[in-house]
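Order of writing sets the chain letters: A, B, C and D. Residues in each chain are counted from 1.
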Amino acid sequence: MKLQELREEVLEANLELVRRKLVLYTFGNASGISREEGLVAIKPSGVPFEELRPEHMVLTDLDGRVVEGDLLPSSDLDTHLVLYKAFPAIGGVVHTHSTYATAFAQAGREIPCLGTTQADYWYGAVPVTEPLPADEIRGDYERNTGHAIERRLEGVSADERPGVLVNGHGPFTWGKSAARAAFHAVILEELATMAHLTFALNPEAGPLPQPHLDKHFLRKHGAGAYYGQKSDIP
Amino acid sequence: MKLQELREEVLEANLELVRRKLVLYTFGNASGISREEGLVAIKPSGVPFEELRPEHMVLTDLDGRVVEGDLLPSSDLDTHLVLYKAFPAIGGVVHTHSTYATAFAQAGREIPCLGTTQADYWYGAVPVTEPLPADEIRGDYERNTGHAIERRLEGVSADERPGVLVNGHGPFTWGKSAARAAFHAVILEELATMAHLTFALNPEAGPLPQPHLDKHFLRKHGAGAYYGQKSDIP
Amino acid sequence: MKLQELREEVLEANLELVRRKLVLYTFGNASGISREEGLVAIKPSGVPFEELRPEHMVLTDLDGRVVEGDLLPSSDLDTHLVLYKAFPAIGGVVHTHSTYATAFAQAGREIPCLGTTQADYWYGAVPVTEPLPADEIRGDYERNTGHAIERRLEGVSADERPGVLVNGHGPFTWGKSAARAAFHAVILEELATMAHLTFALNPEAGPLPQPHLDKHFLRKHGAGAYYGQKSDIP
Amino acid sequence: MKLQELREEVLEANLELVRRKLVLYTFGNASGISREEGLVAIKPSGVPFEELRPEHMVLTDLDGRVVEGDLLPSSDLDTHLVLYKAFPAIGGVVHTHSTYATAFAQAGREIPCLGTTQADYWYGAVPVTEPLPADEIRGDYERNTGHAIERRLEGVSADERPGVLVNGHGPFTWGKSAARAAFHAVILEELATMAHLTFALNPEAGPLPQPHLDKHFLRKHGAGAYYGQKSDIP
């Protein structure tokens, strides 16, 4: 992927967060990676979304060294970088403080798969990370946040859980592109909203039975998928 | 009804779902039927609503064979078809994952008729289906979803309950046309919202007394109706 | 007031309900009265708000006889008429099914005056009516709904409680004009929202102490009021 | 700062409250101060936001004497003035009745720092004031409201708690400018929303551990801050 294209896609993913009302002011950030070049494009830190232009996207290598751009990258850059290293198949990462997902993160609760809406995108619960120990907070905080996500996802495919809740903080999502990571952030906020409402109606609401979960996840993902079109619409 | 008209009406019903914020991305679908021709027009699967044009609507017969259109129909088509066969008077079907109605579906709770807003459109509770047994999920899932709705409505007029909640999934609504099915989907989301708020204020809130239910439903429906205009406004 | 002016003001009040998202489709209605002429202008029944023009407003006398207009008046007309007779100082009436206020009505709970926002407009709780007995529902239902409101307000100034909740139904508000009645409908929905949220945080939340209630209501109403401007802004 | 600039900034802060849906009709007000001139510009009382122009902002001295403007100042002026005297570093004050923050005020509950979203702006809980005693309500009410805030903040830097909840009333926020005070009002409403949702999911949810609070507050504030850009974007 050309770097200019990457910048534009990352800008567009950031703007999708605004359009979907997932971010207030400068909260939240989206990034994308060119695996061939080993370069990440990310939103600059603390710049209002409405002022963002493609050339404001900061390009860094996988060690966080800025290789292009006059602005400082998002302060969450190091978390993104850990995720790109941990999950080689992903092409984009998004972090927001979207309202309902953040409430689950603050409550320290995962979001069980309560219905088919979630089963279409998460193959089970949206996990919540363990609280960071004090020394990991005082140390390399943003990087350690990434490692906490990595530990929580151990043994699980990043494809089957395209996002988690960071305890006391908020959601991180990912996907094959920055656009797809933003898409998952939007869906996660909706899933959190539905789960919140469901628990109010039925505190004992449990996860979908396994066959129902399989049915919905697998009709959209993998070899047997039959949802959507075979190719783009004419 | 001309097929071109049917396609346009079905497109319009799909767009009404977007305008009323009942669908995220490609979630949800509306269809309509021409009873004379025995043909159903339905939204194609996984196509963004903003790109939809009338010619994208897929025409199928009542066995689900595509008779016109280059796109694949909504993966929920078979559920729609079962409903068209089960309820001969209906002309449109809508399925959404609207937030509050889906929460009731996920909680496995029906929506009792708590007030006159519901009594104006549902002659009693909005029913919730039984969970599908594993073999019905593994088998012909979408068709069996339709049969679960049919079983739940047994002995009840589809006119008096223009929609149900599918357990662990979300709402299906119908009406004499695709437009009317979409109208009922919008109202159902509002009824679910009100019921959710009502239960938070009064967990023991019970249904309207029968005379109140009768009064409201029957002032809008049937021979004695006196709501609305005798004819269209000038 | 000229009748043409009255029609325009009533139309405008109906449209304010739409702009403030208090009504879905054709739910809800606003009316206004010319006391000199003894005539009421009210929204026609079941006509979409977006199609309403001033000449659609139906003019009736205080016994509900249509004196001008080709359309049928709102089916809630008789409730409005009872209120105009019961409260001689009011000039407008509004009925909605706004979400949170209706939830309180469905829960059969009044809205205590939990804070200064309410104390600025209601001099105490927003009352809820008694459920209508079956014979009053089967009989002259809309008129009896008005009488239930009248009974509930007995001994209280309509100025100090510019609206109530009708049990199992929804809010009715009023004011010196149709515009003011709509204003109170908007505020009531906000008060219901705040009260709902407050009870979730503190189920024992009690009303403002009397001195605080007095302070706020009386700084906006009556001889000692000091809120707002002495005259219109230049 | 020129007075004309001050008026424009104060107008703009008032309009931000409208754009962010923090105020209904004329509820709420923003002010700013020119410390050199000892003059405060504040929204006039009871004037609709959409009609406001810079010249409507009322200029008063710190004792509340109007020095310029034909309109009466907001009835909450005296509360603002107490805050300007109590906190010499602030340049703007905002008062709203925003929905969720007001619910906490009505419930008489502070908002603990449940997550990093709050830790980025409040260095701990959003405090709630003690209820005003009856004689302080009957006396110089608006001024005493200011003193209740002052007492509650005793020993705490106004920089580290840029806003409080006034018991039974609603939020007051402040900042180095009117714009920043409005920014804090917007964020406070979001924090209140998230806290409300968090408590519903976990009534025992506790504050962030101190190291996490330190990390987030201090990466944005003070000498070691590393969030945002060193200078304005090009």
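Operating definition for what follows: a residue touches a chain if its C-beta (ideal position, glycine included) is under 8 Å from a C-beta of that chain, and two chains touch if they have at least 3 such contacts.
Source: prediction; values computed, not measured.
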| item | value |
| --- | --- |
| Same-site or different-site touching of chain B by its copy chain C, using the half cut | different |
| Chain whose average C-alpha position is farthest from chain A's own | C |
| Interchain centroid distance [CA atoms averaged], chain B/chain D, Å | 46 |
| Chain A-chain D separation of Cα centroids, rounded to whole Å | 33 |
| Touching two or more other chains - residue numbers and ranges from chain D | 200 |
| Overall pattern in which the protein chains touch one another (line/ring/star/complete/other) | ring |
| Interface residues, chain B side, partner chain C - complex | 114-117, 183, 186-187, 190, 193-195, 197-198, 200-202, 205, 208-209, 211-212, 215, 219, 226-230, 233-234 |
| Residues on chain D engaged by chain C in the complex (per definition of touch) | 24-27, 44-47, 51, 56, 70-72, 75, 97, 99-100, 102-109, 131-132, 134, 137-138, 141, 168-170, 196, 199-200 |
